[in-house]
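The next part holds the structures, each set out as structure tokens.
In the two assemblies presented below, chain A is common to both, partnered first by chain B and then by chain C.
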Partner chain A sequence: MSEFKVHHRDGDGFSVIELKGYLDAHTAPDLETTFQELLGDRKFNIVVNCRDLTYISSAGLGVFMAYIEDVRKNKGDIKLTNMSPKVYNVFDLLGFPILYEIYKDEQEAVNKFKQSKKV
Partner chain B sequence: MAKTLKKIILSSTDNLLEVREFVSAAARDFGFSEEETSKIALAVDEACTNIIKHSYKNQPDKTIQVVILRQPNKFEISIVDEGRKFDPEAIKPLNLKEHLSHYRRGGLGVYLMRTLMDKVEYHTISGKKNEVRLTKFLQPVRSSARR
Partner chain C sequence: MFRLKRLLYIGVPVLLLIIVFMIDVVRITVEFDVGGILYLRELAVIGALVLIYFFVSSGSRDRGKAATKDIGRLLVVVAGTTVLVGLVQVLPGLGFSEGGPTSVPLNSLTVFFGALASVGVSIASIVTLMTVRSLVFHKRKKGTKRNFIIYLAALIGCSILVLPFWADELSLVSTTFFVAAIVMIVVISFRQSWIVFLSRREKIYSIIYSAIVFITFIVLSLLLTNRTFLNKSVVFFSSPAERFVLLNSICGAVYFGMAFISTLFHLPTAEVYERKQSELSSLHNLSRLVTQVFDFKDLVNTVTHMTREVCGAQSAWLEMIRDVKDKGYREYEAVGMNNISEDQIAVITAHGEYSLRKLVIESKKVLLVDEVATDRRTRHMKQYGIRFGSLLSVPLISHEQIIGILHATKDVEYGFDQDDIDVVTTFADHVTIAIENSRLIAQSLERERYRQEMMVARDMQRRLLPQKFPTSKSFEIAAMSEPAMEVGGDYFDFVELENGRVGVVVGDVSGKGVSAAFYMAEVKGIFQSLSKLCDSPRELLVRANHTLIGNLEKKAFISLLYVILDVKHATLELARAGHCPMIHISGNEKDMIRPSGLGLGLTNGEIFSNATEEKTILLKKGDLCLFYTDGITESRNEAGEEFGYERLVMLAAEIQNQSAREIQDRILTEIKAYCGKAAFGDDLTLVVMKWLGT
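What follows is the complex of A and B.
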């Protein structure tokens, strides 16, 4: 049985959330908790690495919607990376690429945060 | 081959994975591609999630009946609950761009179901049960050799 794991690590001026397994209405609260912790610690530059994410439903997508406004109000962002075509398709169906920056790999997203820090 | 498959689950999100696996196996067996199978499983997940959250208000001890009806080239999933009466008229068509611009997280499940499936219908059974019926047609495979 596939399971869901969420793990986060901190870099220099950014945090990375790694997702593994399936993100549905059952597992979405685990991701919410991680976002709440990061925002509570005033960490607003967030990269979500979806490399091992095998499934997402609208309940999972809703978590990103719940925090993006707060994050951007605090001059941060949620950038998504390493999506499989299957997961990307769901984001795409719901128009999320208009709202979120999606990168091929984690380093590209990290570089974007570093560039915006220099400006 | 049996034409009807049935599964009854309790109304807990814990059971969503089991439903997705049940529907995926049947869809693959019916002849759908992996991509189409994923779409069907996601639509059923969204329907069951809506029932758990809105019809049963997260009470985990109610039942959801999932019946798969297989006809030639037509794959139907009937999902029945006995929770709060559902009024399909209350669902307004979603303006996705406008919805996203307000960072609204709700309502996306119904939009997905309608986008992923060929047909989404709502019925009331015996005045007290809600049924959502999802339909996907199996498209005949075109021969690539034809010119």
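What follows is the complex of A and C.
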């Protein structure tokens, strides 16, 4: 089974989570930990960069569901970016594009956060 | 057979000796030597002694096992003989004429008692020889047997050479043999290794026995070498016997003299040896126990019992320590208490600031209190009436964690020496392994119980899936579902509706295993109740979402595909809640039917119902519809590549003319072949519907 890595970095007023590899029931707790850290630090503007994400299972999708409510309650958002077509298809099948903002590029998501800040 | 042999060994010599006696009675009055009768007489004596040897040796089978017992038996025989000899010595009316070169008995009574004494000392010599042999052979070395055989050869050679027929010519050779025998006696006298293996008690007995046997042999040797009654009678009886008895007496004197001295020197180390011995056997027993005792209680009882044994402790007990992870504290439990009460332990291990338990746990090292009464860590015990001399506490450490403490106490102060500490520490290591072992076994039993429970759950879940599929002239249905683990989150079901309509549902709960299985059961309940109330697939999904939202964990959701087959109108209505699209093969047309829709439990009411579409399809004769879960399309081969939608669609198109059952079997076979050795990572569900036309 291919590895999964989660890494996050902070920008100006937003945080970026980078996902790499295979996100399923076994690796989902790693991502949960990262979300918990960010929320614990009261960082609610979160961009999830899926450029190197090769697979996501339903348990992986569940992680986003687990935190979106808290994030939005705190006037933040989880925006997803850089998905491969295959990964996008999984999100799309479940109707995630209706619930989440999904962008082609990380910068677009970052810009969105900056705009909303100005407003 | 054995009895008969022994009877022969004793009967024949008695007979021979009577004959010899009768010859001798004649011999003392009349000088005669007819037809070599004296040769035969000497042969009869030797023969009788050899047979007696066999008689004695056949009676003692357990040689070497109990050295002290052997010496004790020898003592009885030799002392008995000496007493007999002494009695004969002082009997009145016996005597020898001192005229010729050899002394001749004055009367037949002298002959009789002389022969009796001679046979007595000969038997004693034989027993001596055998006892010495068994002791010398106790721990054989290369030369041991050789040396003993050389001694035997010299002994027999010397004896035979003094027969009156050639005694004069060969006296020098005989003397050489005699000296050789003496040398060998000295050599074999250094083989005293049996002493080492005696217990202290046995050593003391052995010293006493050896001393008495030594003195007795000295007396015998003196009697034999001086012109005493014994010397005269044995020489008259048989000159080889005289040599034989003399040499063996010297042998006995030297050997047991040496034994006496050696044992005396070994006495101070006896206790050490004994203790090492018992430590060794205890450790051995314990390692055997590790593999045998599964019961924790039995194990700890044996452990404390053995602890007392190995270091001679007055009392011993074991304290188990368990980390209670959730609550962040430790639990202590005294187990296997041996000769100590629970109240006493409570005072000893945990009292105020000087808690032995705390000291051991913090240092993870052996704790030794030499003077319990005065040591500041333990002197409080006096107030509670606990009076120990010394105390030893050894931690049981497994994977750098203290799992318990083994305590031992003694009455005396400074009772535990370095040896005790070493052995209890080693013992503690074994105990740790034994305890870990018994815990592992308990764990594996528990695991087995869980496995059984899971098998029950698996059975239960199977029964949640429909056992009977709808049948009709208009369509064929084949369906299967296989969880990746014991239970899973996949679901399919059928429902017969009004006006010849049939509902088909396929669903997938997020995640896997037990949590998914519970939601799957919940979905079944919701579907069964809503399907009769809802006219359209979309309506069912909206109401199902409404029911589920708030009842699911935040991160859980369910995808569902619901289809209503209208047999009368040859139509198929479907709505999709985030589920895999339906594959529709109609002649050359291959379609993935994917009306928009959201997974159940993702969001509430309005967004969901706005997002959910419904589609209607007209069915033509021979049309094929596939409903499945992502386990099918996401099956991976060994290279990690997914089976994918395209392969599934192409395969379905290729085999669309086969029956529903055949199509299902073929798809599963292809997927299994595709995966090869790679294991199925997800639950698999496939429902095949073949439209036969109205």
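Operating definition for what follows: the second predicted complex is superposed on the first by the 118 of 119 C-alpha atoms of A that agree within 3 Å, B and C clash if a C-alpha of one lies under 4 Å from a C-alpha of the other, contacts with A are read in each partner's own complex, and residues count from 1 in each chain.
We take it that a residue touches a chain if its C-beta (ideal position, glycine included) is under 8 Å from a C-beta of that chain, and two chains touch if they have at least 3 such contacts.
Being a predicted model, the structure only gives us computed values, none of them experimental.
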Given the superposition on chain A, are chain B and chain C in a clash or a fit? clash
Have a look at where A:Ala25 lands relative to chain B and chain C in the superposition and call it first, second, both or neither. both
A:Ile98 contacts which: chain B (first), chain C (second), both, neither? both
Taking the superposition on A as described, I'd like to know which of chain B and chain C A:Gly62 touches: first, second, both or neither. both
More residues of chain A are touched by which chain, chain B or chain C? B
Once the two structures are superposed, pull the chain A residues common to the chain B and chain C interfaces. 2, 24-25, 57-59, 61-63, 65-66, 69, 93-95, 98-99
Spell out the part of chain A that touches chain B in their complex, as residue ranges. 1-2, 22, 24-26, 55, 57-59, 61-63, 65-66, 68-69, 86, 90, 93-96, 98-99
Using the touch rule from the top, collect the residues of chain C that touch chain A in their complex. 508-512, 553-557, 559, 578-581, 594, 596-599, 602-603, 607, 611, 630, 640, 681-682
Show me the residue ranges of chain A that touch chain C in the complex, using the header's touch definition. 2, 24-25, 57-59, 61-63, 65-66, 69, 93-95, 98-99
What does chain B use to touch chain A in their complex? 12-14, 16-17, 20, 35, 38, 42, 45-46, 49, 52-53, 96-97, 100, 103-106, 108-109, 111-112, 115-116
